[in-house]
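Scrolling down, you'll hit the structures one after another.
Two complexes, one shared chain (subunit A), two partners (subunit B, subunit C).
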Partner chain A sequence: MDTITSYLSSLTAEHYFFFLFAIVAIASSLEVVMQRSPLYSAIALVFTMASLAANFVLLKAQFLAAIQIIVYAGAIIVLFVFVIMLLNVRAEESRLDRFGALRFIAVPSALVLFLGAFAAIRFSNLDTLSPSPASAAAGTTERIAELMFTKYLLPFEAASVLIMMAIVGALVLASRARDVEAEMAAIEAPAESEAPLPEPEDRLEEVEVS
Partner chain B sequence: MLTTVLTISGLMFALGVAGVLTRRNIIVIFMAIELILNAANLNFVAFSRYWASIGGISPHTGEVFAVFVMVVAAAEAAVGLGLVIALYRNRGTVSVDDIDLLKW
Partner chain C sequence: MTLEMFLITAVKIGLVLFIILTAVAYCTYMERRVLAFIQVRLGPNRVGPFGLLQPLADGIKFIFKEDVIPTDVTRFIYILAPITALVPALMTFAVIPFGDRLEIFGKDISLYITGFNVSLLFVFAMTSLGVYGIVLAGWSSNSKYSLFGGLRSSAQMISYELALSLSIIGVLIQVGSLDLVKIVEAQSGWHGFQWNVIAFQPIGFLIFFIAVLAETNRVPFDLPEAETELVGGFHTEYSSMKFAMFFMAEYSAMITASCMATVLFFGGWNGPGTQLETIGPFIGLAWFTLKVFLFLFTYIWIRGTLPRFRYDQLMDFGWKLLLPLAIFNIVFTATWKFLFHYYDLAPSLPAWMQGK
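This part shows the complex of A and B:
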């Protein structure tokens, strides 16, 4: 009992907020996996990203928290929602039940993965590490930019090339494929495909004059 | 405290793996991959906060790598969803069970 009370009294407001956002993150990522409708999965993913951003703030990484909100919640999730709306994917979901056997293999193996990671963390001496002394500049844009444009300049340039290729690739993949042969045929023989004009008497319309 | 963060990140990673393995909708599989990448990001940030005492490495290295992970995630999402659109146009489905041309 004493250990519990001393543990609880050692917790600061930072810890409580951390646990709150961690629980939200885990619960909403469970929702991402469990929801039947992909749109609800995307909305749950927004909650996951937002609570992760809050945890980044608590870990003194403010710049990353802002980037997390802007890039994930602002761009990637919107892209997901766009595609879901565009394709109008109705429930694939009645067919999910056919794969009961597969699910009974997949979920235990994910559990084993987690337990392995948990054991590795639990029996390490990582808890002896203490947080680095907090300076006012920790996690700011300046500190990250300083590293990114000196020591990690080459990965930065490679990342920009990667983004460029991704833009071009996404455009090529998502744009409608042109039917080249049909276009060529239309250029070579434009008039024949058109319907003949209707006869003049057909175009006249009888109007009753009183 | 560090082990708590790492445990949460491990839990999120395992949830992402379970999602990739069980779901049949390719868009939801992409979302589960985003979960996995975010679990890795949480690890990077936690270590950049707690592992600063090791000499020679700047305490912000983890954050820089988290930014690179986000770059890769954004590129992956853009190209992947482009593929999904092209696939849906040609095959009329987003279920990974129906997209089995290269299977066996």
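This part shows the complex of A and C:
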């Protein structure tokens, strides 16, 4: 009991906000996978991103937080919503049976993932939520830029090439099925209809009016 | 955080919200009067002197109108949408620097609510969230007009957000900071006229202003609410205060955009006379207000002058003209900055350019 009280009294406002946003993040990401309606899933994903961004701010990574909102919430999920609206996807029926075999792999693989993340946090020397003077500048734009353009230049460029490949691939897939020249010719000179248009009197139909 | 700081911040938040919401109300009045003037009409001039109480009358009307919720809407999202539109639009004002520091009753008070090292990105993050209000309203209304309005607006806002973000990178290269206060302070030279729009970012400003017109769904980019095709666009099914919230969101986005144009390209509170004792900060505040007002006027002027784009023209313009131009501006500014530092050209500038 004493340990709990001493722990609670050691908490600062930052801790409370961290737990608040962490709970929101977990709850909304659960909602993302459990919702049947794709639009509600997308909205829940926005909440996940926003609360993650808030926790980034608490961890002194303001740049990352802003980018998180701009890129994920402001662009990518808007595209998701755009596609959902364009295809007018309605709530799906139960699709669990389609993934019958996968269901049994899901729990162990989630466990492995959780253990891996736990080990990574436990055995690394991250001093989260205890901002020391050294880590105070860790998340600033200058520090990230410095690392990105010196130490991690090659991975950064490799990632850009990877994204470029995805774009080129998408373009190829989108343009392969279409014969553009034939389509343009069809638009410019519409094929003459073989059958002559019916005479006006043939198109009319006598209807009994009672 | 002491109690005093808390109180000062609370007062500042209240004051800014009050001023912004009043400005939003009077923006509608200004828009109607200026449009009327352009079209050789009188506009609203019955309520109060020169019709100055018209926004008040409109507000009362909005509150007392019946709030109709159509039966087949997705109720939760339908109610959420106007809130999602208004909240991010108002949150941007938390970081916009309206003026310099001010001394009141012996206390040093900054004329902005808060500022941190990525406040520019914060504004962009909030404005990029504004699209959800429109999209969700379009989807949840269960009406084809609303759906098309929402679809158009999401495609348009994503397309122009790219050009918008790239247009300010020139400014960032010049100033070297994402902090709005520092960006304004960097423009204080040349007797208060070293504005980024003059000092080498005119292309950036042009792209910024056009992209911002598209982001705020204003004429000539107001396809999401093109009334000849889509009735009212995304807000067709909304009434009463919910409709008013979309209206307020649009006008506060306009004010945000004008403030950002002022801060990034037109020197913020800088101008002649701001260096003076005691009244200096007030003159700065007056400069800021004047610049924002001129931008708002330009918005309305453009609405009274230009016809609407066709949808394919809109997309072509954004992707094929604005985006390459913005990239050219970045390359140009970066090259110029590199040469400037590499050959150390600063001493060879004329004296009036060097002096603060």
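Keep this in mind: the second predicted complex is superposed on the first by the 129 of 210 C-alpha atoms of A that agree within 3 Å, B and C clash if a C-alpha of one lies under 4 Å from a C-alpha of the other, contacts with A are read in each partner's own complex, and residues count from 1 in each chain.
Note that in this section contacts are C-beta pairs under 8 Å (C-beta built on N, C-alpha and C of every residue); 3 or more make two chains touch, one makes a residue touch a chain.
Everything numeric in this text was worked out from a predicted model, so none of it was measured.
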Between subunit B and subunit C, whom does A:Val33 touch in the aligned arrangement: first, second, both, or neither? first
Answer with first, second, both or neither: which of subunit B and subunit C does A:Leu102 touch in the superposed model? first
Between subunit B and subunit C, whom does A:Leu171 touch in the aligned arrangement: first, second, both, or neither? first
Just checking: does A:Thr141 make contact with subunit B only, subunit C only, both, or neither of them? Give me first, second, both or neither. second
Now for A:Thr48: first (subunit B), second (subunit C), both, or neither, which partner does it touch? first
Does the superposition put A:Ile67 against subunit B (first), subunit C (second), both, or neither? both
Tell me which touches more residues of subunit A here: subunit C or subunit B. B
Could you tell me if A:Val78 is touching subunit B, subunit C, both of them or neither one (first, second, both, neither)? second
Subunit A residues contacted in one complex by subunit B, in the other by subunit C: 63, 67, 75, 79, 84, 86
In the complex, the residues of subunit A that touch subunit B are 15, 18, 22, 25-26, 29-30, 32-33, 38, 41-42, 45, 48-49, 52, 55-56, 59-61, 63-64, 67-68, 71-72, 75-76, 79-80, 83-84, 86-87, 89, 92, 95-96, 99, 102-103, 105-107, 109-111, 113-114, 117-118, 121-122, 124, 126-127, 129-132, 138-139, 143-144, 146-148, 151-152, 155, 159, 162-163, 165-167, 169-174, 176
Residues of subunit A touching subunit C in the complex: 39, 43, 46, 53, 62-63, 65-67, 69-70, 73-75, 78-79, 81-82, 84-86, 140-141
Per the touch rule, the subunit B residues reaching subunit A in their complex are 1-8, 10-19, 21-25, 27-28, 30-32, 34-35, 38, 41-42, 45-46, 48-53, 58-61, 63-64, 66-68, 70-79, 81-86, 88-89, 94-95, 97
Partner subunit A, residues of subunit C touching it in the complex: 77, 116-118, 121-122, 124-125, 128-129, 131-132, 135-136, 138-139, 147, 150-151, 154-155, 157-158, 161, 165, 178
